[in-house]
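Just below is one structure, and these are the notes that go with it.
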Amino acid sequence: MEITAEQSLLIIQRIAAKAREIKIPVTIVVVDTAGHIKSLQRMDDALLGSIDIAMAKAKTAMLFRNNTESVGEWFTPDAKNYGIMNTNGGVVGFKGGMPVRSGDQIIAYIGVSGGTSDQDFEIASAGSKF
Amino acid sequence: MEITAEQSLLIIQRIAAKAREIKIPVTIVVVDTAGHIKSLQRMDDALLGSIDIAMAKAKTAMLFRNNTESVGEWFTPDAKNYGIMNTNGGVVGFKGGMPVRSGDQIIAYIGVSGGTSDQDFEIASAGSKF
Amino acid sequence: MEITAEQSLLIIQRIAAKAREIKIPVTIVVVDTAGHIKSLQRMDDALLGSIDIAMAKAKTAMLFRNNTESVGEWFTPDAKNYGIMNTNGGVVGFKGGMPVRSGDQIIAYIGVSGGTSDQDFEIASAGSKF
Amino acid sequence: MEITAEQSLLIIQRIAAKAREIKIPVTIVVVDTAGHIKSLQRMDDALLGSIDIAMAKAKTAMLFRNNTESVGEWFTPDAKNYGIMNTNGGVVGFKGGMPVRSGDQIIAYIGVSGGTSDQDFEIASAGSKF
């Protein structure tokens, strides 16, 4: 099951509502399970640097079917996965990217950027279940 | 005056409504007057190739403050502007990208792709006035 | 309020005067608040490597609305923001990039490179208030 | 003899004066004989697309030690130099890029963009002799 535009917009609304609640303007990206962008919304006053980071988080989560902070464990110096961060056109390993699940199934991936990575995680989580 | 997220979503709704009316699924991109993406929506069943084309149309319209088909006149062999299409990371000169005006002022640029360039133009035009 | 060419040249003059005073030839870049370059000046005898670094500093400061050394705190190993430095086409986290303020408002961003990062910071600071 | 920052600024002033005279806001780029940027000035209200085009013109003139419209003769379909426009990271073959001469010697190259190619040529010519 592939995400619909209607679902994607609803996910963005939920995430944006959470962002407004904690007063952190963010960029929100939704990609399908193949990584192709479905929806993007940059909230007013979000940092311009958040656009590319939100895209990178959604892409990374999709590439490894996982939360970005979990992927980040492969990026530590101890993991010795030299160069892995440069693959796939550049990936990121910190909070803010995750799958969107409907029941057990992943229907999309989201990326949020604009606050600290903890804030981005909290905000993105508002859109991770459908 | 810079476009707000609320305005941007309304523009996307108007354009998507027109696209549904003529039954052409498209990708819709809204960028601010400096070219930074504000909103993107890929309608269900839109061609995957439409994402990058919609982005390129919005970017080109922004770079030259003009409709993409007008910019395209500089790209004809007769114009002899050799290489101009490769500048700015690649630009496009066919219908589907245009300014969004509020009165006399340009507040954003839009790019639409998914149908023929005539269809893309018709669909995008539904969002060109605010 | 967007920076004018006249203001931008004045900022470059102030920064270049400081650079001459402490005898460090630098490249100076001024970008608008959306990151588009407004002015650039490479002083005589500045390192050729300083051009791209000055651009990267101005861009990074713009993307995160902050001094580059503050952005750099997110890039330490302890911050664990793996891959963040590769986003946005590559960003930098050391002294020499900062906002230009007119009162409370940011009207542009500057990047200076050519000396040590402490020297670059001192030189750039001569242009940070308008 | 390599161009100095003082000369470069003077060239930009002369070109900008001409641009104001004919009321076409442009971006002006000066590169040294090795192609490294020395000065850039984007005039108020110049098209954002003019930045990269001005850079491309100055670069192309430098690469071939010639006016860009002369280089453009190698880019016509009849010349059959297939792919030449994609070399050197992309070159352009229309008016607006040219050498700056001091007597017989080339001391720099300039690129101007923002108007028609004829206007860009007229404006750039104001800075082609030193």
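Chains: A, B, C and D, in written order; residue numbering restarts at 1 for each.
In the analysis below, contacts are C-beta pairs under 8 Å (C-beta built on N, C-alpha and C of every residue); 3 or more make two chains touch, one makes a residue touch a chain.
This structure is a prediction, so every number in the text was calculated from the model and none was measured.
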Fitting subunit B to subunit D on CA atoms, where both chains share a sequence, rotation angle to nearest 5 degrees: 90
Taking each chain's centre as the mean of its C-alpha atoms, give the chain farthest from subunit A. D
Please state whether B-C or C-D has more C-beta contact pairs across its interface. C-D
Could you give the separation in Å between the centres of subunit B and subunit D, each centre being the mean of its C-alpha atoms? 29
Using mean CA coordinates as chain centres, what's the subunit B-subunit C distance in Å? 32
Give, as an integer number of Å, the spacing between the C-alpha centres of subunit D and subunit C. 25
Shared interface positions of subunit B, touching two or more other chains: 34-36
Assign the assembly's chain-to-chain touch graph to one of these shapes: line, ring, star, complete, other. other
Sort out which chains touch which and give me every pair. A-B, A-C, B-C, B-D, C-D
What part of subunit B is in contact with subunit C in the complex they form? 32, 34-36
Subunit B contacts subunit D in the complex at 34-35, 60, 62-65, 77, 80-84, 86-89, 91
Residue ranges of subunit B in contact with subunit A within the complex: 4-5, 8-9, 16, 36-44, 48, 51
Subunit B contact footprint on subunit D (complex, rising order): 47-49, 52-53, 56, 60, 72, 75-77, 85-86, 90-94, 117
